[in-house]
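Have a look at this one before I ask anything.
Chain lettering (A, B, C and D) follows the sequence in which the chains are written, and residue indices restart at 1 in each chain.
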Amino acid sequence: MSANTNSQTERRIIYLVLLIAVALPLIFPIGWKTEISGYTKLAWELIQNTPDSSVVVFSFDYDPSTLTEIQPMAEAMLEHSFSRNQKIIAMALWPQGVQMADQAFTEALKKYPDKKYGVDYVNLGYKVAGIVAIQAMGKSMPEVFPSDQRGIKYEDIPMLKKVKTLRDVAFICSLSSGTPGIKEWVMAARDPLGTPVTGGTTAVSAPGLLPYVNSQKQLYGLLGGLKAASEYETLINKIGSATIKMDAQSIAHLLILVFIIIGNIKAFYNSKRSEQ
Amino acid sequence: MKKILLVLLMGLLLSFLFAKSSFFWVEDVPWDDGKALIIKANVPADTVYLQKALEDGSWQTLYAGKGINLEYTDSELNPDLEYRYRLLVPRPTFGDSISFKAIAKPIEQWFYLHKLSYLLILLAVSFAIVYYVQKARKGKDYYIRRINGLDSIDESIGRATEKGKPILFVPGIGDLDDIQTISSLTILSHLAHKAAEYDTEIIVPCRFSMVLSASREVVKEAYIKAGKPDAYNQDRIFYLTDDQFGYVAGIDGIMVREQPAANFFLGSFYAESLILAETGFSTGAIQTAGTAQASQLPFFVVSCDYTLIGEELFAASAYLSRDPQQLGSLKGHDFGKLLVILLIVAGVIAEMSNWHWFKAFFEGAQ
Amino acid sequence: MSGFMATFGLWLSVFFTLSIFSFLYKDNPFYKLSEQIFVGLSAAYWLVYLYYSVMVPNLFNKLFTDFKGNLILLIPTVLGLMMLLRLIPKTQWLSRYPIAIMIGTSAGINMVRYAKTDLLGQISATMINPFAADNVVTVIGNILLIVGTICGVYFFYFSKKQEGIRAVPSKLGIWFLMISFGASFGYTVMARISLLIGRLEFLLKDWLHIIK
Amino acid sequence: MKYKVPLIFAFVCGILVVISEFIPHRPFNMLITTLQDWFMIISGFAIILGQISLFQANIKKIRGKNPDWPFYLAGLISFSIMLIVGLFWGTQEYRGILGHGDKIQAAIGMKPFDYLFANAFMPLSSTMFSLLAFFIASAAYRAFIIRSFESNLLMITAVIVMLGRTSFGGMLTSWLPQGLYFLHLPNLSDFIMEFPNSAAQRAILISAALGIIGSSLRIILGIERSYLGGDK
């Protein structure tokens, strides 16, 4: 039992040190710079090269639990899309995504106050059933979204006049932290319809989605985690929340490496002792 | 004779004008659901106007611009209707314009041709699975290689018996419609049988009521088969809560209080994988985990003694149960894997030899 | 009033944040309370949004504005109600009909979507000429990609003994899997730390005003 | 009857989806649209079902005086409050049964539903997940011990990626000459992600896809019927 209590104490020490190590750089920022990876660049290029006044879809498929990672991406990508004069359809495959979308738009509209609802952007709200909903959007969007969040009929929204199915949008950007999310968009929109899909996801999901960023561009670039968010902010010359938080991130990573080293030293001593 | 020739010539000219002029014509989009037409024009003019007849008789301009090699796809059409288009080529010197007309009806086809490769692969794999399942049902026994993670079962039960401590089995957080949960229950059946033989207690906390009733059934059956129906204790297989984190917190409590000698985490797991494996480790149990959830595998691999990776979970369940349905299906999947390997090799060779049609066929380019 | 409510809301958030963090020391009543409130709130959240964004526009509005034209929607409504009969043991069997429709439809969708994206899509994405790249690093990478995919798939091949020469690709396959798990682990560290940063930022900025 | 008809339903729906994937001709493309519409409505009811059973389970625990019953009561109360304010006064964008509740909005600054979301739901949900940061640190501490070749492979990759994904990792190796620049930590970490990681993930995707095709096929053909409960 004593070994157990011992490991309990050890565990609590680790927790405490980690807490302090993350808090300090938040209070005293260091200002390290990040390098831009190819995946982020690719996603940026898609938005950058999509022509003026194309209609695009931003799908908010996450909830507050992953807010820190994904919200900065959402804000940066929205801002970028607005700056390219694209018309944005917002929607959500997660019910909590609706609130996340509202927050992101409030942020982006601060920079672009003349964007008009219904003309430059629209919020269609949440839809249940994930991949089935996307599949149905491929056949008919008004069928899936008879009206927007405010109750305005789909047909009466100016920017949606020419958008009948997902084929008519220039790209889909899914900000997702699980299922349904990017994978479902690739499966039900990109592969059958050919509409480009890009997006941002948590660092947990990123490795599993990277195989889709291939020569066929099943996925047109991908933002994975806070680092990618800060890279995107760099690309659009924005000093956003992600950039500021990268210092804490770097310190925490280093600390975990230190933990690994200590753990190994301890294991080495233990094995020596048991040999004797 | 001359008259006939003249009439023929006239007819030819007319049919040219109406059916397919070489300046302006409409084609059906092949292999689709009959909702689109391609309008093509080739007129050496800098400005042309492409217009479509609306129901009220007016003309809607679809395109304005250069007339050379013009291709315009009009989509969202109704396959029952005929559509009329015209091309206006303005003649500024005369102050008027020449107009070409074309009429067409979109046609619905019976197959998406670009999906041929996709259909073929799906059919091949499906037939293989059905074929092997049928054969297995008729009594053919298929070989499955030994799976490393399964070695832990005997070791765990041995350890638990020695220490007089129970075994903890967690069937994952998926409901019964998840095949991972079903595989997990098959393994539970085998484990319960062994546990009954050695008189070791087995604890099964469940997240869903459907999983609970299935687990009870499975364990009870195993105890009866082992000839110890009296040793079966229904209260050790219980429902905790539907909530993900509540469920995990409950299991954590069990691990700390009961100190099981061995933990099995088999089924579908999400973010809680790490919490379970970490707490289990701190109690010193031998841990075996298995999931097809790729994002959670690293944590199990790192903190458990044995891990069934991805499809190994399904294979383990087929291996232990010898259920012909599962065995046959697995054999069918294996056929699919061989096909995949062959196709990849063939594809790489084709690409290196510049035969790009091969890859294009599988990409299903339209 | 609204000023007071804002302050109260802030303290509420702080209370919940700290209560959950207290679990790190050990399980305690504050944690349990927060956990149950969380469960209750999230269940209600789902229901509310389901009502407004699915039930109202896709079902109720259609039925109320044009009942005759949408008569067909009564079928899924009845099926949905049959689903709810699951709650009563006697009528439980009726829920099998809607469940069968849902499971059958998703099985069909899964089958075609996975076959296209994860099977066909990934196979053709691996059909590459490794030597077409313009630098050595990418050429090596491409070769690794092809070999790794093949060996990985072979690792999951169960119906042959993997001994002698047959064991080699399988062994290679497991190495690739381990590298991939390591990479995922590294990535996940980043994700989890980000979440912690988010919470600390809230405590330090919105509550304690230590950072701006 | 109790099993046969549902199995036929599952078969018809599954086959319809598969056929409409390949045949563009009517009636399939229209049937599938209808089926998808229905699916969304039925799954709406399925979510309601889940929430009601949660409600029931809590009531059962409170009645049975489970040792933790006050907590379950708190859960029940919070559920009811959130549901009632949500339905009565709606959310930020949706109008509730009783309208927008302008007076209440003026009093607390926003709609009560959004207030609860921002000040209770959001902190709870995000803090719950942030606990994992601590668990992952302790897991790394005790599990990344040099052992077998395979576990070392995992550990080394994890370390490279962890370093490569920070600003610090970039600085650590920025002195490398141009020729060795692929060893630069961010590049190396991207290389691992792009090639060996993608290869392994691809292998997992392919074999899992085969497994899913197999089980879906078994469900459609009615060979696999455990989802209906009861017999095998």
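One rule holds in what follows: a contact is a pair of C-beta atoms (placed from the backbone, for glycine too) under 8 Å apart; a residue touches a chain by one contact, two chains touch by 3 or more.
Everything quoted here is computed from the prediction, not taken from an experiment.
*Asks:* Which chain's centre, taken as the mean of its Cα atoms, is farthest from the centre of subunit A?
*Replies:* Most remote chain from subunit A, centroid-wise, comes out as B.
*Asks:* Quick check: which two chains are joined by the most contacting C-beta pairs?
*Replies:* Maximum number of inter-chain contact pairs occurs for C-D.
*Asks:* Subunit A to subunit D: how many Å between their CA centres?
*Replies:* 14
*Asks:* So what's the Cα centroid distance for subunit A and subunit B, whole Å?
*Replies:* 23
*Asks:* Just the number, please: Cα centre separation of subunit C and subunit D in whole Å.
*Replies:* Roughly 2 Å separates the two chain centres.
*Asks:* Using mean CA coordinates as chain centres, what's the gap between subunit A and subunit C in Å?
*Replies:* So the centre of subunit A lies 13 Å away from the centre of subunit C.
*Asks:* Any chance you could list the residues of subunit D touching two or more other chains?
*Replies:* 18, 21, 29, 36-37, 39-40, 43-44, 47, 53-54, 91, 94, 117, 121-122, 125-126, 128-129, 131-136, 138, 140, 142, 144, 154-155, 159, 162, 165, 193-194, 197-198, 201-202, 204-208, 210, 212-213, 215, 217, 227, 229
*Asks:* Touching at least two other chains at once: which residues of subunit C meet that condition?
*Replies:* Expected reply: 24, 35-36, 38-39, 45-46, 49-50, 52-54, 58, 103, 105, 109, 111-112, 114-116, 119, 122-126, 128, 146, 149, 153, 156, 177-178, 180-185, 187-190, 192-193, 195-196, 198-199.
*Asks:* Specify, in ascending order, the residues of subunit B that touch 2 or more different other chains.
*Replies:* 122, 125, 177, 243, 245, 294-295, 298-299, 301-302, 310-311, 330, 336-337, 340, 363, in rising order.
*Asks:* Thinking of each chain as a vertex joined to the chains it touches, would you call that graph a line, ring, star, complete, or other?
*Replies:* Chain contacts: complete, every pair touches.
*Asks:* Taking the complex as given, what residues does subunit A use to touch subunit C?
*Replies:* 12, 15, 18-19, 22-23, 26-27, 65-69, 95-96, 98, 125-128, 131-132, 135, 144-147, 149, 183, 186-188, 191-192, 202-204, 206-208, 211-212, 214-216, 218, 224-227, 245, 248-249, 252-253, 256
*Asks:* Along subunit B, where are the residues that touch subunit C in the complex?
*Replies:* Checking each residue of subunit B against subunit C gives 117-118, 121-122, 125, 142-145, 147, 177, 243, 245-246, 249, 252-253, 294-295, 297-299, 301-302, 309-312, 315, 319, 330-331, 334, 336-338, 340-341, 343-345, 347-348, 350-352, 358-359, 362-364.
*Asks:* Taking the touch rule as given, give the residues of subunit C at its contact with subunit D in the complex, in rising order.
*Replies:* 1-2, 5-6, 9-10, 12-14, 16-17, 20-21, 23-24, 29, 32-55, 58-59, 72-73, 75-77, 79-81, 83-84, 86-87, 93, 96-105, 107-112, 114-115, 118-119, 122-123, 125-126, 137, 140-142, 144-149, 151-153, 155-156, 173-190, 192-193, 195-196, 198-199, 202
*Asks:* Would you pull the subunit A residues touching subunit D in the complex into a rising list?
*Replies:* 7, 11, 14-15, 18-19, 22, 32-35, 37-39, 63-68, 98-99, 102, 123, 125, 127-129, 132-133, 135-136, 139-140, 143-144, 149-151, 192, 203, 207-208, 210-211, 214, 225, 227, 246-247, 249-250, 252-257, 259-260, 262-264, 267
*Asks:* So in the complex, the part of subunit C that touches subunit A is made up of which residues?
*Replies:* 24-25, 45-46, 49-50, 52-54, 57-58, 61-62, 105-106, 109, 113-114, 116-117, 121-122, 124-125, 128, 180, 183-184, 187-201, 204, 210-211
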